[in-house]
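Beneath this line is the structure, given in structure tokens, with notes to follow.
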Amino acid sequence: MNWLSNWSPSWQWFHRLGSPRWFYQTTGRWLPWLSLLALALLGTGLVWGLGFAPQDAKQGNSFRIIYLHVPASFLALAGYYIMAIAGAVGLIWKMKLSYMVMKSAAPIGAVLTFLALFTGAVWGKPTWGTYWVWDARITSMLILLFLYLGVLALQYAFHSNEAGNKASAILALVGTVNIPIIYKSVDWWYTLHQPATIKLTSAPSMHPDMFQPLLVMILGFYCFYVVALFLFTRAEILRRERKTTWVKALVLGESQS
Amino acid sequence: MPNTPLLSVERLQFERDDCNVFEQIDLTVDRGEIVQIEGPNGAGKTTLMRLLTTALQPTSGTISYAGQSIDLCRYEYLSDILYLGHQPGVKMTLTAEENLRWMAADSNASIQDALAAVGLAGYGDIPCYNLSAGQHRRVALARLLMTDAKLWYLDEPFTAIDKQGVSFLENCMSDHVKGGGAILLSTHQDLAIDGVRKYGISPHADQRGL
Amino acid sequence: MKFQFENLQQMFIMEGHGPYVWTAVLVSVAMMVWLIIKPLADRRAALKDIAADVARTAKSNGET
Amino acid sequence: MASGFSAYLRRDLLLAYRRRGEAASPLIFFVMVSTLIPLGITPESARLAEIAPGIIWVMALLATLLSTDSLFASDYQDGSLEQLLISPQLLAMPVLGKITAHWMVTGLPLTLASPLLGLMLSLPAEGYVPMMASLAIGTACLSLVGSVGAALTVSLRKGGLLLSLLVMPLYMPVIIFGSATVQSAIDGFAWSGPLAILGAMLAAAIALCPIAAAGALRLTSIN
């Protein structure tokens, strides 16, 4: 099992790249531009989707929730993989920064998953006449939320930050292996019990006028996700690296300027 | 390689939550040596034992066994060591005999003899939950008579045992080092054996601020 | 591309679907704002903490 | 290397045998909770028959979950886990041995007792064989997946509740295909399909879970 924790000296460049200080400084330069981009994309997408995209023939205006539901679901799932990959990098190369990214990704992912569920439920009311249906997508999302909550709970159950990091990284990896199985099973289960009801989203058949704002929203959510991830990670870096000279210098610099 | 020490530890450091646990450790143990690890509570004696037995991974530094890094000869190294920790690893529901048969599975030595030597003759088939804490400790100590391990790690071995037990353990230790083995132990007690080398460890500066 | 509603009020009502759509929008925006504010507040708290720490050690160093 | 497997299998079985009362509690739980169902829902056999496959599977899952946190707990407390971690053999083999023992004292008795519950919940006759087959394979999957959670939470003082939180979502595919096996048999369809998928899950779990659990023990149990 030693392979898990072994690393050879040739990987040292990788460690330097993964230095929290480098990350903090670089993201500090990127953040204003990224935030601007995220804001512009989200603003454009939202106005376009809510006001200018054509109505759906069957669902009417309630369909406009798609512009929040789909990007949130997208990022909720992608976020889990980002978290798991960051955890894996941390486990394999003992990289502290990587664990910080993983730890930051968990609450963001959980919130986005919750948003996906919430918007799905609100969308369900005018469409199906009920807030909750055991639809395959929604059920999978609910399980994803449980997976996120598990990672968060495990992280904070340990007194030692390090042990919490390792434990939640392993759990995230196990979850990653399981997610495709869970999704496939739930899909199969759904077709078994409720063949052919209304499908919420059918992206390929979507009219381009509807699809373009969705694309803008998805891009906007991606940028937003990166901004949030950077912000959470930067806060975590400050907390964890408080004893280092560069953080002290940074604090002194900020209080003087 | 007659000149390479059995165990050598170089620049060993261990961080727990970004704080070094102890000051850097450099230590060699030769065949026939008993090294007593000394240090105040919280100096990291148990942590050091766990690092040496690979239960924990060091943050930096190397541990070499007979001149070779233990990462490269893991199987060999782990087959050659014996570790007695705070919890002796005695199963309450098993009898003393069953425990020993389990703990020293690959040994040819007689379990009865070992039990007799630690003063548990006749207790062999009693479930361990009927024995006292000191007797549990003795069951674990009986392992020492049944092992071929060259390097012993004993973490506070004198806890909960009486005078007879102490002298038994001391005899056991001097026999082991006479036979070319080596022992690393942590205890606050002074041993009645000649030639025990003491090695002091101290908590790292990081620990004092907390 | 044309504006789908006659006026802003119509856009708010959305032919009866307004409450659903706007709840989704409001909650989403609120949570996303929280995702930005939370780390910023954390960062500010951490900076303040560290500044206090630095000041304390500077003081104790000055005394000795 | 395989000796680590059989040695730990035999030891854990012996330990369970010595504490028969404790080892039997998941089984008793399984039977007792299932008798609450008719009391809570209906004694009407037609309606019971309809929900029996799902109920039996959910109960089996909960009963397995109940005993999972003891998988490594006593070894952790008495120090044998630390001895295991520093033994030269590959850690995954003894872990697999322990998991197998766990299944033999929880999943297997549940499987063998399930016809009794089938009777009590008026499960249609076609359901019995698929139920036992799916429970045998499915509970093995549950023990394997649960071992990862048990390994992750072993050093936590109140790990039991957290453990259920961690592994419950991972259990979902097993319960879906487990109860579907029984349901398809009752509905008169071929039930080999879902059962085969359970088998595939078991194969994957045997390959991956002991390694994950071993890694978790190594990285998080000693600090």
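We call the chains A, B, C and D, going by the order they appear; numbering starts again at 1 in every chain.
Everything that follows uses one rule, which is that a residue touches a chain if its C-beta (ideal position, glycine included) is under 8 Å from a C-beta of that chain, and two chains touch if they have at least 3 such contacts.
Since the model is a prediction, treat every value here as computed from it, not as a measurement.
Q: What is the chain whose Cα centroid lies farthest from the Cα centroid of chain A?
A: Most distant chain from chain A: B.
Q: So which has more C-beta pairs touching, A-B or B-D?
A: B-D
Q: Between chain B and chain D, what is the gap in Å from one C-alpha centre to the other?
A: Once rounded, the distance between the two centres reads 37 Å.
Q: Could you please state the distance in Å, as a whole number, between where the Cα atoms of chain C are centred and where those of chain D are centred?
A: 44
Q: At what distance in angstrom does the C-alpha mean of chain B lie from that of chain A?
A: Their C-alpha centroids are separated by 47 Å.
Q: If you average the CA atoms of chain A and of chain D, how far apart do the two points sit, in angstrom?
A: So the centroids are 32 Å from each other.
Q: Enumerate the residues of chain B that touch no fewer than two other chains.
A: 16, 74
Q: Which chain D residues reach two or more other chains?
A: If we look for residues of chain D contacting two or more partner chains, we find 223.
Q: Which residues of chain B touch chain A once you look at their complex with the stated criterion?
A: 16-18, 57, 71, 74, 206
Q: What residues of chain C sit close enough to touch chain A in their complex?
A: It is residues 1-5, 11, 14-18, 20-21, 23-25, 27-28, 31-32, 34-36, 38-40, 42-43, 46-47, 49-51, 53-54 of chain C that touch chain A.
Q: In their shared complex, at which residues does chain A touch chain D?
A: For this pair, the touching residues of chain A are 1, 4-5, 91, 143, 146-147, 149-150, 153-154, 157-158, 160, 162-163, 166-167, 170-171, 173-175, 177-178, 181-182, 184-186, 188-189, 192.
Q: Of all residues in chain B, which touch chain D in the complex?
A: Per the touch definition, chain B meets chain D at residues 16, 50, 53-56, 74-75, 78-79, 81, 83, 85-94, 98, 102-103, 105, 127.
Q: Spell out the residues on chain D that touch chain B in their complex, using ranges where they run on.
A: Those in contact with chain B are residues 7, 11, 14-15, 18-19, 74, 77-80, 82-83, 85-88, 222-223.
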